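Handing you a structure now.
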Amino acid sequence: MSAKNIVVEKSSYIPPSRLPVEIVERKGTGHPDYIADSISEAASRELSRYYLEHYGAILHHNLDKVLVVGGQSSPRFGGGEVVQPIYILVSGRATTEVVSEGGRESVPVGPIILKATRDWIKSNIRFLDPDTHVIVDYRVGKGSADLVDIYNRRGSYPGANDTSMGIGYAPLSPTERAVLETERLLNSEKVKKELPAVGEDVKVMGVRKGNKLTLTVAMAVISRFVHSTEEYLSLKEEVKKLVKEHAASITDLDVEVYVNTGDDPSRGDKGGLYLTVTGTSAEHGDDGATGRGNRANGLITPFRPMSLEATAGKNPVSHIGKLYNVVAFQAASEICGLDHVNEVYIKLISQIGKPINQPLLAYIAINAPDDVLARVKHQAEEVLAKHLDRINVLWESILKGNVSLF
Amino acid sequence: MSAKNIVVEKSSYIPPSRLPVEIVERKGTGHPDYIADSISEAASRELSRYYLEHYGAILHHNLDKVLVVGGQSSPRFGGGEVVQPIYILVSGRATTEVVSEGGRESVPVGPIILKATRDWIKSNIRFLDPDTHVIVDYRVGKGSADLVDIYNRRGSYPGANDTSMGIGYAPLSPTERAVLETERLLNSEKVKKELPAVGEDVKVMGVRKGNKLTLTVAMAVISRFVHSTEEYLSLKEEVKKLVKEHAASITDLDVEVYVNTGDDPSRGDKGGLYLTVTGTSAEHGDDGATGRGNRANGLITPFRPMSLEATAGKNPVSHIGKLYNVVAFQAASEICGLDHVNEVYIKLISQIGKPINQPLLAYIAINAPDDVLARVKHQAEEVLAKHLDRINVLWESILKGNVSLF
Amino acid sequence: MSAKNIVVEKSSYIPPSRLPVEIVERKGTGHPDYIADSISEAASRELSRYYLEHYGAILHHNLDKVLVVGGQSSPRFGGGEVVQPIYILVSGRATTEVVSEGGRESVPVGPIILKATRDWIKSNIRFLDPDTHVIVDYRVGKGSADLVDIYNRRGSYPGANDTSMGIGYAPLSPTERAVLETERLLNSEKVKKELPAVGEDVKVMGVRKGNKLTLTVAMAVISRFVHSTEEYLSLKEEVKKLVKEHAASITDLDVEVYVNTGDDPSRGDKGGLYLTVTGTSAEHGDDGATGRGNRANGLITPFRPMSLEATAGKNPVSHIGKLYNVVAFQAASEICGLDHVNEVYIKLISQIGKPINQPLLAYIAINAPDDVLARVKHQAEEVLAKHLDRINVLWESILKGNVSLF
Amino acid sequence: MSAKNIVVEKSSYIPPSRLPVEIVERKGTGHPDYIADSISEAASRELSRYYLEHYGAILHHNLDKVLVVGGQSSPRFGGGEVVQPIYILVSGRATTEVVSEGGRESVPVGPIILKATRDWIKSNIRFLDPDTHVIVDYRVGKGSADLVDIYNRRGSYPGANDTSMGIGYAPLSPTERAVLETERLLNSEKVKKELPAVGEDVKVMGVRKGNKLTLTVAMAVISRFVHSTEEYLSLKEEVKKLVKEHAASITDLDVEVYVNTGDDPSRGDKGGLYLTVTGTSAEHGDDGATGRGNRANGLITPFRPMSLEATAGKNPVSHIGKLYNVVAFQAASEICGLDHVNEVYIKLISQIGKPINQPLLAYIAINAPDDVLARVKHQAEEVLAKHLDRINVLWESILKGNVSLF
């Protein structure tokens, strides 16, 4: 076990729910930063699948720099149109050439990126048309790989080539859950069916002060479904009610909900309401970039330890900035499930030159009564060790989309 | 009639079929220059329709600068793929904003361009997938129009704001017809059905020396339909036969046909044959630009007078560089249909500040016996005058796609 | 004072130097993320100056989305060259048009961005030539402002239009200082003079475990100054020595220094060393993006509370994501200077619709003995209130470059 | 001699000066199409020099697709500014990689293109600042060359790999000379010194009808030098006078000169005059593309035979579309210098697979009395044969800039 350098200690963190104030944010599906993360990751997955299928291994790539440049639109009650498309630039590096005995083969990186981007948009943002509302471009640095090397390395743990780290914790505080689930609710199939006017660009900010939780929802409204300021305002009321009900089912906090606080209803669809043609603010000037949104557990929690690494777009077999964050959150969650454990933090730091399942330091901080801590210490070590040893198959779940990344 | 400044004279041109040598070229549907012309024109048409529908008039625009930057591909017998998409940049100017009593409205120029481009590709190049083989971008200068002015000007002839000119002639020489029809044949539905491997990128060069016509066909072959060098060579033979038969039905010249003369069959699908995944050479490094291909009658005829103006992409209501070339070819054709007229050339030069149906000079050169010339002179004038007076409704045919432009 | 909602409490944070482990990172001047931040900010400053000079006020803009796409280079001992330029895309929004009695005026946003970018490169990265090593492009959403409104609003505190927050703390731990100063040292005029081969792209990672601090320096070496593997290795030794000496002057920790741990000297300048032509890894495939690097105090401290907002490129008069982080760090630093205060954290949360000097919550956590805390509480409030009230002139220092932003 | 397939015949062309009407155009230095041609050619030259210096031979490249996308500007009396830069996209193909015994070397194609473009702008358009008025980007298809092959092929005549052709004629008609020299005059050092307000974007259109020649000059005026409508109008008068005087020194035709006929002086610098900040209309919405401007002799002569091939940007050692046009004009000029020869046309058609000094057909049409023709026939053949045999060193003059290309 020593190769994993796991240290278990009593946590010195005060759980956020016991702090006087909390602030938590989630950027939802249609937020420009979320779009950027999603396209990074969709492109990485599609490319990984291609590499696997053609070369039996996921080759080196890193597409964690996607820029979403906002377009221009003219929404109006009952309709409207995009007048200038969103411009999406996918950048990063990839293995563009594979050398084998048979010669050099080119990898269709560009077409793969274009397809992944279009497919993600089509599956996730109902009214954003990849054919006419979006320009997708890419600039990806080339690289080559030797097939012989790839075969020889298969199966083993890749070595860390950088000092990097990952952080995870569990459980979510009630405020955190409320923020996360509010967005998930508003982007659920059910709500999209009942209230189709609710756009995918939903940002939720939760501020808890003592016992009072304020949830502020910024929600793009889809103009084709709304025909008057009254309809718009009534939609806001419905959303407010839904969110409040849901929050009440999670927490005993005193919840207040605000929706689209910047509205000026007197100006109607002349810019006074948060109306959009497509459901994302990217249609009108809002930009997004990979790594600028949610952390691996889907939240921005400024008062918790956080890694600044983008998890999206990085290759899922060797990039520590991606894998260690996932492992830390997953292991923290499992350890937190042990009897009488209140809260768990995990911090992993890589060791340059060592296999990635052997970190320089793996630090588990457990909030639990002393006797519990003594009892679960060893279990906790085992859980984390297991997750570290499974790091070389984590890509399978990532490719299936079963892992929370942002 | 004098306002039209029409002059009819005996032609001093020797018909090209009587010259010792002729050289004629046609770039077909999938040629990068033809693609650029087509996208310019498709975008102009789609935009014109939008203007008409929303504002009752075709507003100012000029999209005659499209650049098609070649991609990269790996064709191989029975398959292959595009590894780097073609990049298409549509540039020019358009009316992006319309000012009316109700305020300023934005015109969705970008989405219109994207849609027109995609639609053209889908309808014209069977195996070029606009979703994954092509990146479409645009950079269009903005302009605004006042709706009141537009209404006031409707119906009248716009004024010429530049000295520009158009040239047309009729009839085509047998060599010219052979070149034009060879491409039309190879891109006909019939041939595409019988020989689906014949790609849309067909370039035909005709060189006549005395009585001998050499037709050199450069034809992209679609790799998925061809499984061996033998199949490829046999396809070439079939095409050669088809072309020869068709030419024989047009002309008594001694016709020789060459197909893909640059092939090196010994290298097979490792670069020795003109194989493509998509049917256009733009997939692998060949670039195209608006205005660099065929003239308004669909041909490049270096020994005939030619205008260098691109007809594609220009607005069809007022741009002389577009309209005068069309009028000149159409009127020449009609005049040439008069009894015993052998050949007609028409040259039109605009007069700055005058309505476009009143050129500075309208010159008709007729090749005919003197008595015929004397007889048809007045008719010829009338024909041209009629075409000039119809110039303000020519856009209707252009928008319907009934006018040859390139 | 109540309008500022300031709460002072005893800190529940354990100072990082007393935690068993710390991890701290700084991306230096030539790091692609730092370049992106710098260009965002340089463009914002240049634009702010233009607005001030022409319209008497800094108009709305947000250029916090710059993407630096890595190029390609061939460094070699004693020379080498960039073979594919770095591509920089500046994106965001700006006031592109100002409406006044005299009509509409356009703001030269593009030329300002190009100039700011070039100037920053020339002043900061000695061997990166903006003429031939870099392509600078921009895509900025347009906006218009009415001069009358601007005059009316001048001087007052702008209102918050979003829930956003800022976090600051003081003092730096010895590990943090060591990391920050190591980079500052290696990018100092002195070191650049003595060891010109040290490139601007210096990334420092500090990992403290108990009493042992490991500083890992990744440093681009400029190939023209190094003629052999030996020279390169001896440069690394000199740097190691310098860094170790400097660290020893700051801290009693047991310091170990590693430089360019990924090197494989046996491969020499064929890819085995961290050689660059220009001093930045952006020359060869490393990408950067605004907001992905250092926080406002110049460090990435994953175990400390951090804001994810990019400070760079945002307008310095009203953007909370920029201003609150600066205020929090500056006020924390000043409060920390009070007698016997050990550590201070400040968290500021904006209140939508309220002037930005009146946050929803201003939370000061002080680590100090209880008696000290009781004594300084009021002073601390006053310090923060002062900084909040000065927030409307903070832009002056920001424009002068006197404020740490990343 | 037979290998050159030269045929000499009596010309059937009527010299243009004896036709009832002529129309001739020249696009001058600052015209967007001329800028595109120039950048194509400058990039090709710079690249050729690099290849020569490093590999002893000019490697394959073709940069004949440059697109100049117009910007936006606000000129005003005494000043003004560019508000949106011109965007220049250089596209085509080049040898980006050279394989030798020592391995693979990359060619710095991008930096070479950027440098060539900037240098050309700086040397040719006084007030167009490449740092802030222009964005230069490129998209060039890659290719590789084997050094061994290159050495083996050096010195010999490359083979034609396409059917292509060139056309030339001599002498210029008086109208043609007047058009060409008018532009040369207005862009001469002398005029730029005396009338610095005359911008580089000068387009001259000459229309001769019988004995009357109308020269229409469209000339960008540089706003910083002009302070009122009066000054502007007086500049136009001076230019008119200069042009008229010069034309009178060339020809006996009755010359009329118009300058900037589209002006509406009543609107002054609010769009009524042809004012520019930089001297080129590309600053405000006018686009340009390689190959859309002047033919190899610097003129557009629609009534003369013309090749549609762009000469600019093509490699000067093997591209027939470039070389045959140059050879045809140069040889025609020399033959036309023979005693009593009135006019000469040369048409060259390449033969696929044959060395480029052995055309399929080399046709010389001479306008001369029969006895003269009989006498000079052989000489004419020799002259053309000499030019064809020198085709493999023509690149030297082209690289020195001694050859008229557009």
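So that you can tell them apart, the chains are marked A, B, C and D in the order they are listed, and the count of residues begins at 1 in each.
Just so it is clear, a residue touches a chain if its C-beta (ideal position, glycine included) is under 8 Å from a C-beta of that chain, and two chains touch if they have at least 3 such contacts.
Since this is a predicted model, take the numbers as computed values, not measurements.
Farthest from chain B, judged by the mean position of CA atoms in each chain, is C.
Inter-chain centre distance (chain B to chain D, centres taken as mean C-alpha positions): 24 Å.
One inter-chain figure worth recording: chain A and chain D are separated by 55 Å, centre to centre, where each centre is the mean of the chain's CA atoms. Separation between the centroids of chain C and chain D, computed from CA atoms only, is 50 Å.
Shown for chain A are the residues that touch two or more other chains, namely 72, 87. Contact between chains, as defined at the top, is found for A-B, A-C, B-D, C-D. Only residues 7, 9, 12, 14, 19-21, 23, 64-65, 67, 69-70, 72, 87, 89, 91-93, 139, 141-143, 161-163, 165, 167, 205, 207, 209, 216, 218, 258, 261-262, 284-285, 287-292, 300, 302-308, 310, 347, 349, 352-353, 360-361, 363 of chain D touch chain B when the two sit together in their complex.
Those residues of chain A that touch chain B in the complex are listed here as 71-72, 74, 81-85, 87, 96, 105-111, 114-115, 118, 131-133, 135-138.
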